[in-house]
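Common to both upcoming complexes is chain A, partnered first by chain B, then by chain C.
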Partner chain A sequence: MRRLPVYILIDTSGSMQGEPIEAVKVGLADMVAALRQDPYALETVCISIITYDNEVKQILPLTPLEDLQLPEITTPESGATNTGAALKMLCDKYDSEVNRGSSEQKGDWMPLLFVMTDGKPSDIMDYKNIVPVVKSHAFTNIVACAAGPKAKTEHLKQLTDNVVSLDTMDSKTFRKFFQWVSLQVIGGGKSIGTTSSIELPKPPAEVNIVI
Partner chain B sequence: MAQIIKATASDGSTVEFYDEVKAQGGMKDVYFSLSKQYVVAFYRKPLKELKASEKDRLQNIVGVYREKIFDKDPHGAYWKNLFAWPEKIVEWDGKIGLVVPFYDSKFFFSGGPFDKQEKNGKWFASAKLRNKFLPDDQKGTWLTHIHVCIKIARAMRRLHAAGLAHSDLSYNNVLIDPISGNACIIDDDGLVVPGKYPPDVVGTPDFIAPEVMTTRNLSIDDPKRKLPSRLTDLHALAVLIYMYLLYRHPLRGGKVWDLDPTKDEELLMGEKALFIEHPTDKTNRVKINDLEKSQLPEGDPSKLPYTICGPYLKPLFDRAFIDGLHNPSARPTAQEWEDALVKTTDLVQPCQNSNCKAHWFVFDNTTKPKCPFCGKEYKGQLPVLNFYYAPSHGRFMSENYRLMVYDKQTLYMWHVNRNIGANEKTSAEDKKPAGDFHFHNGQWILINRRIPDMYEILADGNKKQISVGGFVPLTEGRKILLSAKDGGRLVIVQLVNN
Partner chain C sequence: MMEKILEIIKKLSGEVSQNLIDKFLSETVSKIWKEYIMDIETVIKNKVDSLKIAIPNASVKKEYKVEVPFDVADVSGYSIDGLEDTGLTLDKNDSGFVISGTPTKSGTFPLTIKYDYDGILLGRHLERKVDLIINPDPRDLWKNLPVPEGIEYPKPDEDKDYVKVVATDGTQRKDIVAASKRGRSHAQEGKPRDDDFKLFHSEENDWYIIAVADGAGSAKYSRKGSQIACDTVIEHCKTQLSNSEQFESAITSLNQNQEDTAARKLVGDHIYNIVGTAAFKAHKAIDDEADKKGVASKLYATTLLLAIAKKFEFGWFVATFWVGDGAICLYTEDNNGENPEAVLLGIPDEGEYAGQTRFLTMPEIFKNSTALYQRLRFRIVKDFTALMLMTDGVSDPWFETDSNLNNPEKWRNFYKEIQDNKEHPVNLEDDNEKAKDELLDWLDFWSPGNHDDRTIAILY
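Right after this comes the complex of A and B.
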């Protein structure tokens, strides 16, 4: 059976400490709980979480939704936002974890990628170099999320046209954002329009899509 | 607490609901009413962007079509259980919404891991979801799944009889309750009226008909473009029935049509669609190595082939997935599915293994019946009643219709008389048991409860009445005239001995 891999990249740099990271954790936990109530998601979805600050860690390898236990997410006191290195790890994990199938065996669906940051890449050269590599990997959709007033969208726009910006980083905003993410994840099992795709539900009011 | 909104509906009544989106569908946001008797589903597309024809369609759905099925039909009350049909239109905040009755409580999980969630049909149509997540007490039996399929086929038969097509029949748009064997068709606002209102959706993945999938990328005005219609509903209906009885998809086999999963999906549901159990073309057979452990044994057609559904359903599956897969006019109608499903319930036998999860199986017309789900062989005597009818006086012809007997089973009027059907038209009187079967003192008997003219036909051709309250033993070759009235059936008993 084809799995639907979902990669979530979370900025854990120093500025995320305190309320923002707690809000992200609540949002993630809610999202997992909601997806576990959805038959389409339970049948197909696998999730991986990669955190990045000075260091990049895959804190959750690609795991079926039903077996998933959210690991502890920690943030250092201060430090860089190595978005480029995080995307590098993403590409490596994609290559090793996603089953691309063969002419004899069905592989996985093309993954979904969500990248969240509250700032801008510190490793700007690495970032620039890795963006084309990410794009050479097939994704169903890439959504980038710029959270809070200091987040910069211009780098994210190099990665994807789907950039969502959150004005604040409180738990209510993150909760709504992750609810919206869940809807994107389960969207594959829904009705398809005759002319184009049916418009997906709008992101929550606190979220602005950057065009 | 969310603010309360008051709005005036199309029929002048007041609609009150909380200003809070409780659920989101493909095109609509759902709000709950104060009374919990109904919900209001607003289209996200603003009213001013709605075409006149779209608005007109909604008005007809809550108007003439609703009246036709629910008010003018003498069995309207029956249909209300099978559809959550929009009742009125309401406008608010520049949007148009539909007032839809709240679903009956049996269509929500109560307790367990999915407490208060809608019973989306997908839960019950996938081996993995059933084997891994669904609590046992929610699964019903194989017989109640047949009952669910009967309700869906019947609802589609009624829609089609009204000249309508659903256009997006899928497990997302059917709530089912396998515990009681019920189903309810929801999201009826996408209805297609041939020549009048075109569909807005092509359907839901898994249920889109091959001809619609194949022509999906043509322009909507291209004459070769195929859109949902009554015939594509019939494809979706066949897929639903197959999935509810066998817990796998009839077209999802092992064949890789394209390395790109999106293209592969388009081909396997479209141009290249091929039944995984095609009798001669084995290209798309399920590969066991592709399956997860939780998909077994149901995911493996060699263990549980579609033929376990019995002699009435097998030819319909053949027509739906072999002859009619790429030839829509060959697909069985909803009426044919309903008839075959109803007749199949007369062929089921309780499994003698008390731990069998299916509980019931279809008699396989052999002398050594065996439950295909758990492998338990039937031990003991098994009476089979073969039905005959008289097209002209005194001359009886086989109907190719059998009733399997089990202990404490009921004989109904639709068994007794050929002119009585088991459907929405069955009267309360005809729903009362006519007789019952028992294994009593080492022999099978039929007790007549209320048929005044039931007779045993003796070997010399004479008739001997079986009085109300009396009984007749079921022995090999015995002939029983269930009723002497017009349409009354003659039974010839066969006994399987194991």
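Right after this comes the complex of A and C.
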């Protein structure tokens, strides 16, 4: 069975506490509900969620949409944004969870990666070191999202050309963002091979493309 | 106890009326009692809330049964609301409850567990909420949207053909049946079919030619690419084989001495000129079309599976060219459907990830004669049951891996499945022209996650 693995990295540093994280939860729940209504996604999409603050946790191991139940997301009072460590865990999980094709095993679709942050990496050295490792893993697309006025885009630019920003962190904005993510996920399980990456769908007004 | 209380009150306030004392007792006791109950509530609520209640997701039309432990000390009774519209039922047992049945409705259903504390009437129930998620049945979600009118390179959503080769001297002769159908993933988005096929049989010299092609889903004009590929190779082979005496005598002499390397090379050269060149011409024809349109030829990316076959006195000769995924299999079983033999005539091009393959449009396929030779195969066999060519829309769901594609048992099951399918069996009897309709219906089979265009051609 061909699976489409989708990795979602969510910043849970102290600044995300309160409305922002609640908005993210609503957005995620909406996204999952929307994906469940797409027959192709329902049969192929697998989602993993990794949260990162001082600590990095894979709160949802790669799980088929059919079986998926969104876990509780918590944020500490304060603390660092260990984006580098989160990407490290992502690479480890990719290596252990994504099926590569072989004569005995059907390969998965190339995974999609979404990284969301409202700040900048605190572990800047780790971050710099891990970016090339992430890039050595094949993704159909990596989309990085800088949420809110304090989010920095320059580090994300090192990771991917697809950086978007959100002006605000309310539930309407996150909802739009995750709707846009769902569109990409639904488009993700398509034949590739001719082009290296799939064109992103047009973002909604709330999501700005960072050039 | 009571006397003690009166004594304390007398000490503090002197003589007090009975009325006041009664009032005091009633108010004090109920105040303390309420606090006490509140504490109990908090404790029991924490207990129940921290209880891990895992209810796995259900799916519409799929039988479901889950046993949920719910056994908290001091909880005397409970009920669960929220299953009313789901088609599921609840049964309580000693250790918890069982939700079972076959869901009829999808969605997220908030279940409310209402429970009571042992021995004390709280006058209301305590509650814990848990979500039950019921997935829709993907089969109910597929849409069959028509392709918008006026698109470039329109193509019908399905195609079928039957090449009936009738007996001339009483012995049955093999026929070709083929069918092609737009995949559900394309139907869902109103996109056209990208697969294609074309069949030919020459009454003059009895050569069979079969071409099957799978246009890449991500390439804009791949539906035209697959069509050009099939048309071009059939046309080239047809022309080449119309004058095939030399080729046929080379095959005959090779058959007489299979170890003869010169004879083998001669046959190889002919195949190169006929089958190999056909593929190259198809590559060129696609380039020309792309030039005419002023776009890159990769927009026409397509796979190609091509076979030519002919019956000789000594048996069958089959030659093939294959680029991309899918499968070409020369399948043989005995009259009882036993002792299966399956020869894969080529190697499927598959990458590390699903959907990665090579295409006819890639220059590397024709970069030199060795590269091309590697994609050519031929076989001389006494007889065979079926020569099957199919796109990955068919081979993926039934075989999944290379290892299975090389497993004769899997091919036996596959060939049986086509003929014995419960809903849409295909009667592969000689000269049964209806087989093309049956095969087209058979292509509707369900396989989770496999909804690509499907095309299969069978020479049998």
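Note that in this section the second predicted complex is superposed on the first by the 195 of 211 C-alpha atoms of A that agree within 3 Å, B and C clash if a C-alpha of one lies under 4 Å from a C-alpha of the other, contacts with A are read in each partner's own complex, and residues count from 1 in each chain.
Just so it is clear, contacts are C-beta pairs under 8 Å (C-beta built on N, C-alpha and C of every residue); 3 or more make two chains touch, one makes a residue touch a chain.
Everything quoted here is computed from the prediction, not taken from an experiment.
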item: Chain B versus chain C as contact partner of A:L183, first or second or both or neither; value: first
item: First (chain B), second (chain C), both or neither touched by A:R2; value: both
item: Touched partner set for A:D67, first chain B, second chain C, both or neither; value: second
item: Chain B versus chain C as contact partner of A:P132, first or second or both or neither; value: neither
item: Which of chain B and chain C A:A33 touches, first, second, both or neither; value: second
item: Contacts of A:D108 with chain B and chain C, given as first, second, both or neither; value: both
item: Chain B and chain C footprints on chain A, overlapping residues; value: 1-2, 36-37, 39-40, 42-43, 66, 100-110, 138, 189-195, 198
item: Residue ranges of chain B in contact with chain A within the complex; value: 24-27, 29, 44-45, 113-114, 117, 120, 122-123, 126, 128-129, 132-133, 168, 170, 172, 190, 198-205, 208, 220, 227, 254, 256, 259-262, 264, 287, 289-292, 295
item: Residues of chain A defined as touching chain B within the complex; value: 1-2, 36-37, 39-40, 42-43, 66, 100-110, 138, 183, 188-195, 198-199, 201-202
item: Chain A-facing residues of chain C, complex; value: 56-57, 59, 106, 108, 131, 133, 135-136, 138-139, 141-142, 184-185, 188, 216-219, 298-299, 301, 350-359, 396, 400-403, 448-452
item: Chain A residues within the chain C interface of the complex; value: 1-3, 33, 36-40, 42-44, 65-69, 100-110, 138, 189-195, 198
